[in-house]
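Labels for the chains are A, B, C and D, by order of writing; each one numbers its residues from 1.
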């Protein structure tokens, strides 16, 4: 099997991530699927001044914000759902070091759709009439804000509605359950806005929990909602969303979710977390899994949604074979 | 006072009673989800529940989901789609019958703040300063507030949470009251009830100002007025809310298997 | 298994189809998936004056138009692809008995999306600047047309783009590969615009080639792009798209495609076709399959895409069991 | 004249030569699809082909597909999405490198008519009368014409098909010429070539008027000018198109397994 677009995580960040970049992560859900490990690597490679576009906050944004790597962020939801407030993001916002532009969850999906379709604006029937329209974190002096969600007149009825600005992030790291080396991807669980993001972003890197043979895609083409034509690179990383969960693959690591968020509440805690969970492991996938702990990995894999993966297991390329493909790639690159 | 149910359980049950069988309903996490699935387990078996991410046909297993996309709510779904679908095609479109949202702060017209708390006076001012306390933002609540036919606000009944005017309108209630929502063309009808830890407030049919409609058995008109940050009017029909029945409590506790609502007073 | 929303085809038409109605069919592709059999039943029940909303013309619209049942139609494509011009539709348009409003294929998808989202208008960056904008079949005296795709000013750039009118058809008959009795559906092959249509239409009737147990949906929830909450009724009809094809299920019946289109080119041919292929069979599914011919049914089922159905076969409810469920329903209704 | 290839085969090969390796390309049915997949089979193995319905990664099997959604193009796909995705997110957005469209009528600025032919003068007039001959309408061609970086028009070279001005602009070419497309903000670059049964026309870099760029070995400048409904200019670089190579013909015939292109003269 050719490795095609399959490259190591560290290389993906080196190649595609830039300081000051508009960086989007998908699915970007606080508890579920998200390319959290990509954020760890951004910090390992000291990326900074990021403009984060996260449909929702996640532990990734929480971490990036706590570490001071984000100066601007756009979000639909900035908490951690059942795990409470996102302490790292909160601290950055309250201190004024991170300007957060608020929208609703639908607004973020629509703005990505608008970017995907290359529209100049997107009709807005939500967010209008509230402070999501009138207050802008990016333009704090404009109050009421008029440029964030300006008005547009419907030519059929003559009535005014709002207009959202489309999003076209420079880079998106999209977490998927399964990817093939060509860049075709299957997501299990809600897509959230990964479909729209995969078309809106200027560059897409897939971060996949498992690599499958392309025959899997040919058997289930309707599940391949992200086709290779929109993908630059594929990163293999089991437990890429950890400590968040990935339907069919692994459950939320409740203990680490709480510990991580607690750590990010203070500068000291954040420093310790960075030392122990960001800068502590090697560049290899196995080192990352050791960090999580092999017992934890085994335990979280037994979750109630594991059956969702069953139809696809036979096409999953074994861990060692994927690593061999990556080695091959390294040799060619050298 | 010793009760065989907690205040949170009463709140969840009172909220669940607002949900009617067969309705298309959207719930958030936590209390809101428990209230919704309690309704399904008790009196609304055909409620059509969905999440913001487009999870359809599911009910939680193994305890209260940590999020709307947690495996606990993903393990028995019949359909997974997307946020655009659930919040756009089904909620903002006006198709969804009822939503339940939480609030950090709510005002006399049912406007909801989940974005931030500012210091001292609570006013943001002409410049959009960072809040003293940053909250969770809008999530899908703004979309539900704009689009759902009606929605229910769940909030802990404390004076600081019941403000004359919220400092930031995250999710529009009845705005300035009356037909203020019509100015923005919202297809949704706005908040139909605020269910608190002490009782239930409902909007005056004309002015849309929220009035005390009912108090929980362990509360009273006086206690509720004392815990409300504006001069709360009392509906002429105000009454006590019936206690949870044994069947209701049993249904709620089947949903709340880990007892999240029993851990609090 | 409860029959839930499963009802006979004839009942679905009796219950939901009205003269003068905005009627949409999905997928509405000229050669592929489409609820063609629903159109036959519309004619059997003498529905007329229909306002047809077909993303593309199909043999269904071709037949309805040839039979004089359609007075207005909106289409992105009005041919039959490899089978040439759609003779029935063509005849109705050329004679002036059917007013056809032209859009492009993207425009139709976007207008359905706009209906699904309940937007007042949809941004148009295509169709503008051509006669799709300037000429209106529904308003032939307005030339250049100004109300078909009016202009709207982008509030961000100040430049003008077009605005499409959203579609909210009163009834949609949507062809799907697999449905469960609750109304959850799996489509194999391109969705075309069935996802958008299923949310845009005011009433949705699924027309499924096969009925599956709901366990199939729980195993593949990501494939269930039409969930039960948007569906009124489920009709079981193998070969529902015949003579068109259904990926995974059956191939195009080339011979009948050609013969049908040839017949629809004249009034006499259309009368003969209606006699032989519309009014000729009983109300039961078996009668319909006899019409197609059991040999043809067997032959068309052996096509190159049949493997796409393999993962789902074990959940397919056998033909006789579905008929038994329908009998049960009939008895309850009586 | 006896050739070992047909005029349709020459046209398909000439069109296919316009497609470069690695490009994101969208093809219609018939000749257009054969031309595209010929390119993939011959010199552009990494062309990323898709259809209007969102079929990705597929190549036709068992003969020329009857439609863009035929099982012959659905049996080896790696992804099925939707029209909104393919024509919207990938074509109208400006991402697609190249499209191929057919035409019933084309004019000196490359505007395409596939909607209808009116009687006598061919003018529709101020009222939108039904056409004498109704054609297939726009399909995805208008979207390709607006959004694709460039597109190629394939058309049979007959005087009636090469009009001074098409009676109905279904898919915009260079409109009135020059920078007329800019007025509408199209992200796509417009038609880069008209490939006919006799030769190839390309737009003048400034005026965008199509000129004769090359003739097929079995044709000539005179024959082409005689078959063109306007006074066709000839490019100073006009030349003869190289005959199909053996490899090209072999590749084309592997795609056109049922010999659709060999059945016509």
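We adopt the following convention: a contact is a pair of C-beta atoms (placed from the backbone, for glycine too) under 8 Å apart; a residue touches a chain by one contact, two chains touch by 3 or more.
Note that the structure is predicted; figures quoted are calculated from it, not measured.
In the absence of chain A, chains linked through touching still make up one piece. Chain pairs C-D and A-D differ in how many C-beta pairs are in contact, and the one with more is C-D. Of all chains, the one whose Cα centroid sits at the greatest distance from that of chain B is D. Chain C and chain D have Cα centroids separated by 29 Å.
Averaged C-alpha coordinates give centres for chain A and chain C that are 37 Å from one another.
Rounded to whole angstrom, the centroid-to-centroid distance between chain A and chain D, based on C-alpha atoms, equals 40 Å. With each centre defined as the average position of its C-alpha atoms, the distance from chain B to chain D rounds to 57 Å.
Of all residues in chain B, those that touch two or more other chains are 55, 74, 80-81, 88, 92, 187. Each of residues 117-118, 125, 159, 161, 188-189, 191, 195, 221-222, 225, 307-308 in chain C touches at least two other chains.
Judged by the touch criterion defined above, the protein chains form a pattern that is neither an open path, a ring nor a star, and not fully connected either. The complete set of chain-chain contacts reads A-B, A-C, A-D, B-C, C-D.
Residues 24, 48, 50, 55-57, 74, 76-81, 85, 88-90, 92-94, 187 of chain D are the ones that touch chain A when the two sit in their complex. For chain A in complex with chain D, the touching residues are 116-118, 180, 182, 184, 195, 199, 214, 217-218, 221-222, 224-230.
Within the complex formed with chain D, the chain C residues making contact are 27, 29-33, 55-57, 75-79, 81-83, 85-86, 89-90, 93-96, 100, 102-110, 113, 125-132, 135-137, 140-141, 143, 145, 159, 161, 188-196, 245, 247, 251-252, 254, 257, 303-305, 307-308. Chain C makes touch with chain A in their complex at residues 117-123, 125, 150-157, 159, 161, 163, 165, 186-189, 191, 219-223, 225, 307-308, 310-311.
The touching residues of chain D, counted against chain C in their complex, run 29-30, 51-55, 61-62, 64-72, 74-75, 80-84, 87-88, 91-92, 111, 115, 124, 126-143, 145-147, 168-172, 175, 181, 183-187.
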